[in-house]
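The next part holds the structures, each set out as structure tokens.
The following pair of complexes shares a single chain, chain A, combined with chain B in the former and chain C in the latter.
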Partner chain A sequence: MSTGSVEVVYRGIFQKTLAKNICRGIVFAARKEGKIGTAFGRYGDSPERNGIPAKQFAVVSDTEEELEEHLAKYEPVNNDVTIAADDALCKGIESWAWYGLQPINKLLGDGGTLLVTSIQSPNKLIKTIHRKGTPYNLAIVKAQASFSGLWAYKDDHTDVRLLGALAKVAPHIVSLDAMLEAIRDQWNDDLKVAAAKRAYEATESTPVGVDQGNDEVPFSFDLPGWTKMEEGLVIRGMDAKPQDVPGRDGGYVPTRNEVFKKFSTRTMRPVINFDTCTKCTLCWLNCPDTCFDITPDGFYDANMEACCGCGVCEAVCPVKDCVTMVNEEAFEDNDSQWEMWTKDKEGYLAWLTKNITERPARSHGYHHVGQYAEEIADGTA
Partner chain B sequence: MLDENTDRNQESFEDYLSTQVLDPWKGPKKVPAEEYYTSGHRTCQGCESAQLMKLMAKAGGPRSIILGSTGCMYVANTTYYSTPWAVPWMHTQLGSAGSSAVGTAAGLRAMMRKGKMAKEPINVIAVCGDGGGADMGLSAISAALQHTQYNLLILMYDNESYANTDIQVSGSSPWGANSTFSPPGSARRIMNRRWKKNTAAMLAAGHPDCKYVATVNTAYPVDTMNMVRKALTIGGPTFIHSLDPCPKGWDYDPMYSHELGELAVETGIWPLYEVEEGKLKMCGKSRRIVSGQFKRKPVREYLTRQGRFAHFIDEDFDYFQAKIDDMWEKWLIPGVIPFAEA
Partner chain C sequence: MAPPDTATAAKTIELPGGSGDEREELISGSEAIAHACRLADVDVITAYPIRPYDTVMQYVSQMISNGDFDCEFIVAESEHSQFEIVKHASAVGARVFCGSSGVGWFYAFEALAVTAGLRIPMVAMVGNRALDDPGAFGVEHNDALAVRDLGWMLAWVATAQEALDTALIAYRVAEDPRIFLPCAISCDGAFLTHSQAIVKVPSKEMVDSFLPPYDRGEKQLHPDNPITIAPQVNEDWLMEMRQQNDKAMRRAREVIIEAYDDFEAKFGRGGEPFIERYMMDDAEIVLVGMGTLALPVKVAVRKMRGQGKKVGFLRVRWFRPFPTIELQDALSGVQAVGVIDRDYGFGSPFHSGVLANELRSALYPVENPPKVVSFIAGLGGREVSIDNVVEIAGMTYDAANDSLDDQDTHWIGVRE
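For the complex of A and B:
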């Protein structure tokens, strides 16, 4: 008599189909072993938005009663496994609904496993993950984040590789044999079965202790009770006056929504070369998220608490290599680039040059017809 | 009651018809820093409709009231007790952008007439998506454009599907586009066989008293803001239709949001024009397309960048191109009026 639950944390829209494939795969495999299960998305994540972290779950039980007990929840807690198909999610997730920043391991049970696709080493990845009061395991499937798409789906086998790895880290939920059988049933593809099996063999777990990880306290806020809400569904507007930033005389830093910051949506961030910037205003003017602060000396500084990493600033910048999108894994904080530059221009240039020349491959969704076929063929996926 | 009626007789409608005079901004460096739609909305990465809201709020300035009918720009901007709006905003039902705009303008006038608030011109801007505007709210918008005694702007952000509720087809969805309601399959490749509704021109042609109808695109932010400012200054009921690239519904890398807006204009798919006091003027690159100074790019460049057209084969591209060619070569007024003399 037991129940197992798996949480899949994913990038809204980009990885919706991928998350669905994983959760369905778990349930189908469990059925092969005579268990029953169900897969569902978290209501609060709908309507999904590109890049904003969302969740789907798979719950597997021996009996219908146990399954129903688990389904009477908004989101299952104490999960056996949390899967993240993008390692940038390890920095914490601010979902569409009302949460603040959740550590990626928050809903993981004692001794559970966090299963992540990443090309980073476990030690480097653990540093970005918030500390947890109970020990857990980190398992890595070596892969780039797969932004496999909603309709035009890039079948780079990330789905079955994660399913194979899951059978390794949580055999009590589903065995490898059942998983391979379910994969064969669903896709009828020997390559996918082989990929799952290889991932099963290659996956190793690293134990993570209570004293390991990022010790920063993630931002949170108090939910207003009904007595604090105003009549007629009134929401207080933003202040039209700019923020008063200590030490900054002049410039313009807009007041920003304190309870939805959106930066955990980001998988890449703009890095700005202030030495070549011509102050043309285009990044600032075209940013849908109003993330650029105007500095006292008239530069535009992308505020990393507000930037969601869409890349429009890079696209509109008329100067070559002035704005460059760099994978989020290169950064440990959300500090102001302009302040860094004003303090030490040479040091900043060295930091910038390193980031834009050594940047890992980036992926951010659909670009053109045939792109996914090309990526899979040349193995860059 | 008697006093009120007396007042009404003494003051005519014209006393309340003045508008804010919002001069155009000459270039991006003249655009002020103040933001009235700021960070922290729950939209997609690269959301051009959010960009449109930012530009519209900036263009209208602090003395504006925004009305939002249901759609992404309602759900993403006020859900869970927080908002990026720094100007007053009110939600209204899906099809009622037009009626809420008339009601708000009339309410403001009544309050001013009764001395309950200071007499001043306040911008009333109602925002609706293509679902709320071109489909459900079309009759209410038509009615609003007939209410020439009120100053109001209806701004339609058209991302060519019901993207908020997960991408159902709308009257504004382009021919052949994949959506939740028009998925391509092996039996039928093209499921949405309707050509996109020509909303702005329909409203301009159908409402001769409406003083300003325009089409805009956020890839040209200064022009977009200046057209909003012109609509608000010119007075009476006005309408602006914006084409907003949507990374969710169109299925592309969000970094292409700006580029796709430009391509929509450069391929001729999205003509930019304004109809001001009965005079049509093509704007920006569309003007140069008509005059022959700019050669339209092939529509394939625009279509192949979007996953919603990933199922297109050569004959689909050819069909799409032929329809766009007709639009510029055979229409009575190129890019605007879609029929020719018999």
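For the complex of A and C:
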């Protein structure tokens, strides 16, 4: 008698079909072994918006009664495996469904495995993940985050690679044989079967101890009862008195929500070349989230706690290569770029140049036949 | 503001406890509601034409153009916008009035459904009308009844005088900070909206002594009071919010009683707040209904009383909050109750009308409850004749004597 559950955290819209394919793949594979299962999305995450973290789950049991017992609660809380389909999600996730930043490993059970698609090293990734009170494992499927649209699914085998890796890290949920059989049934494609097998063989787990990772304590919040809540669904505004910019006449520092940061929505962030910036104000004017802080010397510093990564500032900046969107996974913190630049202009330029020139492309599916084989050959797949 | 000049000769009436003049005018139920808006000094009124509610618009716009009334009068492009506009105006602190009829009320439903949750004390008039298609202008109560479970207070009035008085009471109750819930006053299409009667129209001073200004306090949406109203809440907050609505509706009962007491003191009329009892004292059977049905029923009751039949009539004035206590008090000890619904409840328990089933539920805990027989009559504005009422009373007696199945619903005045 046993039940296994898998949580898939993904980017709303961009990875909805991917998450669905993974969850359905798990249930189909478990069925091959005579188990029964279900796959479902966490309703509270809807409506899915561009890049907003969302969740789907797959639960498989030996018997129908066992499955029902597991499903008779809102969502599985002690998952055997949590899959993050974009490694930027490891920094924590915010959604419509809860308050504050939720650690990516929050719903992972003791000794479970966090399975991530990433081209980063485990050690680098662990640093971005909130500490968990119990040990767990980190397994990486070497791949860039696979993004597509709501209606178009660009098949880069990320689904079957994660499924193959899952069979490796959680054989008690589903065996490799059953998984490969299910993949063959579902897709009728030898290449997909081979991709799953390859991911199974390549996936290694790294144990993560209780003292490893980001030691920031995530925001917690007590929900008030009806006697405490203000009637009429009234929510008081924050004390939003704009502060003067220190050392500068004019401009202001906007008040920002301490709790709702939005940055987990981001898959890319702007990096700014203050040496070429003409202080034209366009980024500051156009940023939909009022992210730009005016600096004492009149520059515009994108606040990385607030930025949702929409790319508008890059689009409106009139100076060539002054604002460049770079993959979020390249960064470990949300520190001020302007402060970095002010302290060490040369060092900043080197950092900026490296980020801009070495930024990996985001995969939106294969562009040409044979790309997968090429990626295997160059070690990126 | 001075009362408007009208063609009707006005006369001053001495009133017990009255603090000013009242003038008698010959006006319809709709015009009475328009006067209530003027007297309550409503700030924002929105309109979109639909019969029979549109008559209120006509009177309001006439008052404005005559210089008797000053308010923002916005003709919206649909009922949906109409109700949305006043909802928002109320949130910023304006006293508002709105209304509609039949499918117009339904077209506004998205706005109606959230008004109570946002604790907007909107007062609305429903000119009750059948839900067409097929086209029908006449009265049915299913339009207003559709909001019965959503936090709206609902009153049904029988006369133009009651329409005016109830509208003033509605503002006082709805805007009471203990309540902050919307209130709809149902006026039967044609029978009330288009029938003129002598109505005592109070002076502005009298109304001012009864109705304090609308003060939304800390809930007022204003740049100096930065708040968000109704953000996305999901399952984490919604149940607590509904619980608050429930508590507010429970409190409404006492606030309504207070308002009627004060109205009685200031205007010398008002009556029992929730129900009207007519020849109930020794009644063996009682007929129950709402709105202008009272007229033929009272005439029929008097006629039957003349023949020695102990028949009474109970008119439900407030449907939400439902007068459970008053109905239990008035109807326990009665042999049988005949409920005349000017609405339908297809597929409901016993296929009965809405009022009949609510009443059955209210009487459930009563010891030896009366039999409750459901009658559907007067749909689409069809006449409920005195003969119909006599027939209904006869069948209610039959139920009392066990010769008629009280768990069936009887359609009266329908061709076979």
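The working rule: the second predicted complex is superposed on the first by the 339 of 381 C-alpha atoms of A that agree within 3 Å, B and C clash if a C-alpha of one lies under 4 Å from a C-alpha of the other, contacts with A are read in each partner's own complex, and residues count from 1 in each chain.
In the analysis below, a residue touches a chain if its C-beta (ideal position, glycine included) is under 8 Å from a C-beta of that chain, and two chains touch if they have at least 3 such contacts.
Keep in mind that what you see is a predicted model, and the values were worked out from it rather than measured.
Q: If we overlay the two complexes on their shared chain A, which of chain B and chain C does A:314 touch? Say first, second, both or neither.
A: first
Q: Contacts for A:252 in the overlay, against chain B (first) and chain C (second): which applies, first, second, both or neither?
A: It touches chain B, and chain C stays clear.
Q: After the superposition on A, what does A:262 contact: first (chain B), second (chain C), both or neither?
A: The answer is first: A:262 touches chain B but not chain C.
Q: Which of the two, chain B or chain C, is in touch with more residues of chain A?
A: Counted on chain A, the partner with more touching residues turns out to be B.
Q: Can A:40 be said to touch chain B (first), chain C (second), both, or neither?
A: Once the two structures are laid over each other on A, A:40 reaches no partner at all.
Q: Considering only the touch criterion stated at the top, classify A:280 as touching first (chain B), second (chain C), both, or neither.
A: First partner only, chain B.
Q: Is A:240 touching the first partner chain B, the second partner chain C, both, or neither of them?
A: both
Q: Let me test your reading of the model: by the given contact rule, A:229 touches which partner, first (chain B), second (chain C), both or neither?
A: So A:229 meets both chain B and chain C here.
Q: Which residues would you name on chain A as touching chain B in one complex and chain C in the other?
A: 96-97, 224, 229, 235-238, 240
Q: Mind pulling up the chain A residues that touch chain B in the complex?
A: Those residues of chain A that touch chain B are 12-13, 46-52, 96-98, 149-152, 224, 229, 235-240, 242, 252, 254-262, 265, 280-282, 285-291, 294, 303, 306, 308-312, 314-316, 325, 364-369.
Q: Going by the contact rule set out above, which residues of chain C touch chain A in the complex?
A: Within the complex, chain C touches chain A at residues 117-120, 180, 218-219, 226-237, 240-241, 243-244, 247-248.
Q: Any idea which chain A residues touch chain C in the complex?
A: Chain A residues touching chain C: 44, 96-97, 99, 223-226, 229-238, 240.
Q: Under the definition above, what is the set of chain B residues touching chain A in their complex?
A: 28-29, 31, 33-48, 50-51, 54, 62, 72, 75-76, 78-89, 164-166, 178, 183, 218, 221-222, 247-248, 251-259, 304-310, 312
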